[in-house]
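Quick one: the structure is below, questions incoming.
As written, the chain order gives the labels A, B and C, with residue 1 at the start of each chain.
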Amino acid sequence: MWRDTVLVAGKDLRIEARSKVALSQVAPFGIVALVLFAFALGPDRGLMAKGAPGLFWVAVLFCTVLAVQRSVSVESADGARDGLRLSGLDPAGLFLGKSAAVAAQLVVLEAVLAGGVILLYGAKVEVPWLIVVSCLLGTVGLAATGTLYGALSAGIRVRETLLPFLLLPIAAPVLLAGTRIWQAAMAGGTASDGSPWLRLLVVFDAVYVALGIVVYGPIQESA
Amino acid sequence: MIPSRNVHAPPAQSPRARWAVGIIGITAVAATALTVWLGLWVTPPDQSQGDLVRLVYIHPGVAWVALYLAFALAAVSSLLFLWTRTRSMFWDRLAAASVEVGVVFNVCTLISGSIWGKPTWGVWWAWDARLTSTAVLLVLFLGYLALRRVPAEPDVRAKRSAFVALFAAVDIPIVHFSVLWWRTLHQGATVLNPNLSPTIHGSMAWTLLLGFVAVTLVFVWMLLVRYRIGVLEDYLGTGELDVALRERQAEGAVTDEEEAA
Amino acid sequence: MAPAAPPSPAILLHDAVALSGRFPLLAGVDLEVATGETVLVEGPNGAGKTSLLRVCAGLVRLASGRVSVLGLDPVRQRNRVRRRVGLLSHASHLYDDLSVRENVRFAVRAAGADVARIDGACDRLGLSGRLLTTSAGKLSAGQRRRVALAVLAARWPELWLLDEPHAGLDASARQTLNQLIDEAQASGVTILIASHESGFVESLATRAVTVTGGRVTDHRPLGGGSLGAEAPSALNPGQPSAPTPPSPDRPVEGRVAHVA
């Protein structure tokens, strides 16, 4: 399973390294979203800084949808999905590999967006490690749910419009938890302020990663 | 498109089943009428909430159906569909019917809640934990229905939908807790309150109970009817398999004749 | 895979019905292919040739009937079957953003095959030099097919399912393909070739079956093949051991010009 995970993740990341879709399209889109949020809020930097945690996570969610779409479309050209099925790769490994590749891209996107939020909105982070931990935990959950829904919608012609509708409400807890942890980190609160939310993220991650490992195979065969 | 080759009649409903559905429907209407009568004319207005309290005879019942009954039914039947030993289109249709009817009840919950919320909280919509969870549940249900509308083979659609229902089902408790911690100002559950008597008493308690029964019966009736529609929908356009096989096998014969000609 | 078990046929289909929704792709196929046989599957377009191969690869589930591939159930034991089966289909299963070498390498490693044979296989299919580092998205249809063939040659599975293998290939590549099939036969590989241009492969196959209307409607013996139908089981009785590919020190054929 781990061998297949590394193989698939390596393949997807290599494709990204060649095509640079996440870096040259998704990341700039995230920055555009941040700028648009600023326009919507008005030039008051205090208001922006206050809204920064939530806006950061909303931008991350939008970027997740795009990253997942890309991850699915890579497999839908030239019957690559059949190719993967035929190769006899372990479905659990395939799920973990595709998720890991999405997660790796999301981490980079989050770094860019976090920088954008700090620079553009003047958000001041008092407890940086809390933000790092929340981003990593949130990323795992987003990548896992995204990969699952991506696989489910892979065979659907209207998946571009259907996927965000299905995925974003599911990811709502990540938005809530991530935002609260950011707020705690910005307010200079202790770790205990964020700890129930961190626990919530851990539960979310565990549930969907476990679910993905079990059901990815049947999903792949049925779609 | 009328399937001309269908010589078979649609799957018939047994007389007993038809009778049962009819009885449930009539009971549901009677119970609802009785609840309305008791709720609007017999029970007294509340000391603090006045006539507004009369919503208590409908709103909690509708919410119970939308948030627990329909949702649990959809989740359990989706799971039973995915479980290969119990896999049958029965579970798929039941899940689809309970989600579809559940959406109606969910919207009714939100509307009746809003009507209640405006005079008591002063706003149509409050970002309260239960309201928000209910709205998220509605969006997840709508996503499920949107997926079902995507044209696909029945078995593929059934599997896809069951997976989506499963993912949504495990998300609901997480959403519930996250929203609960996020904010809460809803009044505590009244009926489940252990000291029931000081809050509600006499005719009010009985009417409240009847309201639950009536709404549940309405749900069950709608569910049964929707299930039956599902059966008929699946029948529509289904040629019998043996007919399709014979047609397919005949393709070869046609080609041979053409070659001979 | 107990050694005492009687040698099972490579492919066994009994009254196989496969549906796409309500349309019967296969409408009751009976087919038995012995280990080491090369069978040509003929038939007009839409007769069910591709579906037959996809059922054997475990991509399509049967609605009724029985199927066993290499003695296994291709749906329930799909991962075990798929590592031993190679399907050359209309699609080449390539990632446009990866180079030819990366594509072959991924496919071979994903199937759990030996990566040492990749270079030799690519070389034989005329994939060498700058072509190896060209991204697959820039290849022509014929070149993509060569890449898919290189994957097959590098994997050298026990059962080859070739769907219109000659389509889109130039003369030299066709020759290479025929040679590959020839060598595969010699090494005990079972081969199923779906084709409506049967001329290219008739000399290779041991027999031909005709598929029409989702059924096998005709059998005819062919003289081709380096070995008869029953010969392989006589050579290695009851031993479904993996065939060994030939060493790659063969003359390189079918080299193609570099892409623009």
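FYI, a residue touches a chain if its C-beta (ideal position, glycine included) is under 8 Å from a C-beta of that chain, and two chains touch if they have at least 3 such contacts.
A quick note: this is a predicted structure, and the numbers were derived from the prediction, not measured.
Of the other chains, whose C-alpha centre is the longest way from the centre of subunit C?
It is B.
Closest chain to the overall C-alpha centroid, by per-chain C-alpha centroid: which is it?
A
Just the number, please: Cα centre separation of subunit B and subunit C in whole Å.
It comes to 49 Å between the two C-alpha centres.
In whole angstrom, how far does the Cα centroid of subunit A sit from the Cα centroid of subunit C?
39
Taking each chain's centre as its mean C-alpha position, how far apart are subunit A and subunit B in Å?
Between these chains, centre-to-centre, one finds 32 Å.
Quick check on subunit C: which residues sit in contact with 2+ other chains?
Counting only residues that touch two or more other chains, subunit C contributes none.
Find every residue in subunit A that makes contact with two or more other chains and list them.
none
Subunit B: which residues touch two or more other chains?
Answer for subunit B, listing residues that touch two or more other chains: there are none.
Would you mind writing out the residues of subunit A in touch with subunit C in their complex?
Counting only subunit A, the residues touching subunit C are 4, 7-8, 11, 14-15, 18-19, 74, 77-80, 82-90, 221.
Looking at the complex, which residues from subunit B come into contact with subunit C?
Contact set of subunit B toward subunit C: 153-154, 237-239, 241, 244-245, 248-253, 255-256.
In the complex of these two chains, what residues of subunit A are touching subunit B?
The touching residues are 145, 148-149, 152, 155-158, 162, 165-166, 169-170, 172-173, 176-177, 180, 196-197, 200, 203-204, 207-208, 211, 215, 218-219, 222-223.
Spell out the part of subunit B that touches subunit A in their complex, as residue ranges.
82, 136, 139-140, 142-143, 146-147, 150, 152, 155-156, 159-160, 163-164, 166-168, 170-171, 174-175, 177-179, 181-182
Taking the complex as given, what residues does subunit C use to touch subunit A?
57, 59, 78-83, 85, 87, 89-98, 102, 106-107, 109-112, 135, 144
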